[in-house]
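Chain naming follows the written order as A, B, C and D, and within any one chain the residues start at number 1.
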Amino acid sequence: MAYFGDPVLAADLLFRPDHSVIDQSLNSRLGATTTNGDGFGLGWYGDGPEPAVYKSTQPAWSDPNLRELAYQVRTPLLFAHVRASTGTAVQRSNCHPFRHGRWMFMHNGLIRDFRTLKRDLVMAVEPELYPHIEGTTDSEVLFFLALTFGLDDDPFDAMARAVGLVEDVARAHGVENAVQMTAATSNGSCVWGFRYSTEGASRSLYYSHDVGQLRKLHPDVAVLKGLGEETRLIVSEPLLNLPGAWVGVPEASAGVVRPGTDEIRSFVPVPPG
Amino acid sequence: MAYFGDPVLAADLLFRPDHSVIDQSLNSRLGATTTNGDGFGLGWYGDGPEPAVYKSTQPAWSDPNLRELAYQVRTPLLFAHVRASTGTAVQRSNCHPFRHGRWMFMHNGLIRDFRTLKRDLVMAVEPELYPHIEGTTDSEVLFFLALTFGLDDDPFDAMARAVGLVEDVARAHGVENAVQMTAATSNGSCVWGFRYSTEGASRSLYYSHDVGQLRKLHPDVAVLKGLGEETRLIVSEPLLNLPGAWVGVPEASAGVVRPGTDEIRSFVPVPPG
Amino acid sequence: MAYFGDPVLAADLLFRPDHSVIDQSLNSRLGATTTNGDGFGLGWYGDGPEPAVYKSTQPAWSDPNLRELAYQVRTPLLFAHVRASTGTAVQRSNCHPFRHGRWMFMHNGLIRDFRTLKRDLVMAVEPELYPHIEGTTDSEVLFFLALTFGLDDDPFDAMARAVGLVEDVARAHGVENAVQMTAATSNGSCVWGFRYSTEGASRSLYYSHDVGQLRKLHPDVAVLKGLGEETRLIVSEPLLNLPGAWVGVPEASAGVVRPGTDEIRSFVPVPPG
Amino acid sequence: MAYFGDPVLAADLLFRPDHSVIDQSLNSRLGATTTNGDGFGLGWYGDGPEPAVYKSTQPAWSDPNLRELAYQVRTPLLFAHVRASTGTAVQRSNCHPFRHGRWMFMHNGLIRDFRTLKRDLVMAVEPELYPHIEGTTDSEVLFFLALTFGLDDDPFDAMARAVGLVEDVARAHGVENAVQMTAATSNGSCVWGFRYSTEGASRSLYYSHDVGQLRKLHPDVAVLKGLGEETRLIVSEPLLNLPGAWVGVPEASAGVVRPGTDEIRSFVPVPPG
């Protein structure tokens, strides 16, 4: 889940039980997902240009420190992620979101047969970036490939090249359907979202419709009242009990949420050279 | 889950994927229950008269040390418990099984409105036993009440008095349906099981039928081959895919599994005074 | 360590390596103490009337989340505590500071022979407060005794009665030198500090001299520049490398740090009855 | 610490307080080292050909599960390691001993400027072995280089080539004094120990003299009584209070402890090519 908009108390998004539909849904959704929960993480922009990250391998629901934190953190840009491991170790350094400098990145999905491809992929990471890889996941390698291919300059292009490289390496190893991905990344100013899979059957990704319209549809929903027009939520699953709230991101698309006009475009991997 | 019989590798009960029906079912059952998993514990009799306990607040499925251990521990008497907290903190000292001297105890269920009753219940624990209470759960207090009322001499009577006291204190505080309990306890020689609830609607409890008969019914099930006639499993839920294997413990009953003839009898709480 | 004064970034007190003497000393002191480190905790007043607490059994130096947090938390009132267990379990609920409503409490020292005295002491806690005890330490019981005896109305008196009760119960059990204590408590507006031991040989307790004077003595110390006149630090050990900074609290004394004039007075336990 | 000899209860080596000098010293030594404790690990050969490992980032002294385990594990070959991180994350996968198949490996020391050298070193690991690297430490990479260079066939030669490669890569990057190492490895049948550093100033390494002689010198030391002639301990620091017990391994040496005659020889890195 990515939140971008007016500064909000993290607890209002994650826990606040008295606040009505959105947060309750988020909460239950969080609960649902954590039934496979191999760690979770929060990342947010607060003091300083770099995001802060709070990550733990303890289930989110039983971590009292997360609750304490959530009632103190007020931020305009929050990532929350619950991990279901696809094979790599359950350790903090494998929890999302990953961070490098101003950038945060989180990913649902996998690089298929990662153990086979890992060495070639890691070798493609810019040597100066390489020592900053902290964990052992496919997701973090995808992030570092994107950093290698210019995430800082053009996130759409960098992700297209990163995915293109993974698919190319996979082909060389005879691995099919290499990439399954919904992902989000941010530099603190904008949030980019991606929905793509090699086989064209990607996991779902939704973003929230404009808040003004939602307020009219649901005048009784408390949490909507405080939020400005540009507030956006990006989530993996539609929160069904707020009709009109969610727009599905099409297959093989990427979008950016930012002050001013958002944008959505198709996502086409760029194979190497 | 309680196991009593021929020495067995803990992994054969908990993990071994290639061993056929019983253990796979146990494993999936373990997985199912841990979706609410607020810690887990193993207790077993090995070296020395006191049981060893391995308990952790990490989900069982993501604890590599549990797996290491399970492939090294060979024991004739194993308790395995997955905790779903009914309100008390997720910390090791609140994980089952609890231990005192030679005794182990584990419990599914709750003492209703425990916060209201706790002080009176804890006061009823034998003062010399009191400082040995390590955690903050209703279950551990139930165990210490049973120890207070003579668990060492007569487990059936001690548990009847413990439950009777809880119901008495509950009545005094206007709390209805005070006790919901399936529980097991052992001193290393026998295993006692209990199924009771004040309202007469207890959670299920099953034990395995005699192994000889099972072997005839299921000659293809590998794990059954090595086990002697007296091997018993006590579980909360029937493992459905082994027809003929499980016998339900009746409402308001208690039983003992031991070398020689097992016994099942009705369970009637004994009020104080 | 307790900090009270102008809002400060927690990291400036705990980590910032480039900031000169005070924080370096704090940091090294923290490191020194944690060599026996059985958990640590931060408590601070931020959003809302109740303090937030971040507590963990992991060593402070290897907890990446603590570092993340410390660079995001800005507060006028911070407690930091490193625990050396005197026998009770290493678990979060035993870490200081403890919290109840607006109150925080932390303690260095012990109640001697606590296992013997515990039952009587816990029984003296107000029954409505009793279920809020979360851990198993002597320190938390001392806190709840103080709450029982009116911490909210008169902290000096409440602590005097709490300590008086402990000494009285200890006498009844033949336990000598019952209390060894340096402690601090706060309601968010003031900080009270206590230095007392039954045998008259208390651990040390120091508070920082007025910052204006310190700034004149040490014009090169960066962290002093931003701090207002009323800023106070209360610590267990003098930070030697800042001469003129620290004033020892006399044996058997209690003090309050608050906006306006601070106060220090003698501390005399009040026995029950 | 490595133990090789008659099967012994792990607790007798790690905890048993009543057993006299050797174990007390081990215990205090363990305590001393853990003051920088960034995790610990046990590895031992028990059931099955592969060693079991129990590793945790919690301080050894506050891990109740370690104590439980130590009183149940009886083994002829035990490695115990306490980690002081030289920069990499405190996580289980970075704790020693490392394991691959039948092999265990543990290391005190470091590869200097590992972040600079890491990519080249990791690239030199056999591609089929590469995905089995679980953590991010220099020590594990050293182990995998040794595996790459034939640890299974000739541990002396494999380690010499591994160290030779590290020194070669370091030279290419302008890194001096690349390797500082005391290390031990085992396949379950023998234990190999290594003491080497590029600058010729290695950390100390000791092994225990023959037990028969020790028993004569110290007839009062209980733990010595049960041990056979071939029992060996290999430790980083001499346990001073048992005179006559310890033999220092010379600078730039390697040795093997095995049934029959042990052997010690000089250790000379073999550069690549």
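In this text, contacts are C-beta pairs under 8 Å (C-beta built on N, C-alpha and C of every residue); 3 or more make two chains touch, one makes a residue touch a chain.
Computed from a predicted structure; not experimentally measured.
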Chain pair, A-B or A-D, that carries the greater number of C-beta contacts: A-D
Averaged-CA centre spacing for the pair chain D and chain A, given as whole angstrom: 41
Touching two or more other chains - residues of chain C: 64, 89, 92
Pairwise touch network: line, ring, star, complete, or other: complete
In the complex, chain A residues that touch chain D: 89, 91-93, 115-116, 118-119, 122-123, 127, 130-131, 133-136
List of chain D residues in touch with chain B within their complex: 9, 46-48, 52-56, 64-65, 68-69, 71-74, 92
Complex contacts: residues of chain C adjacent to chain D: 35, 37-38, 57-59, 62, 64, 85, 89-90
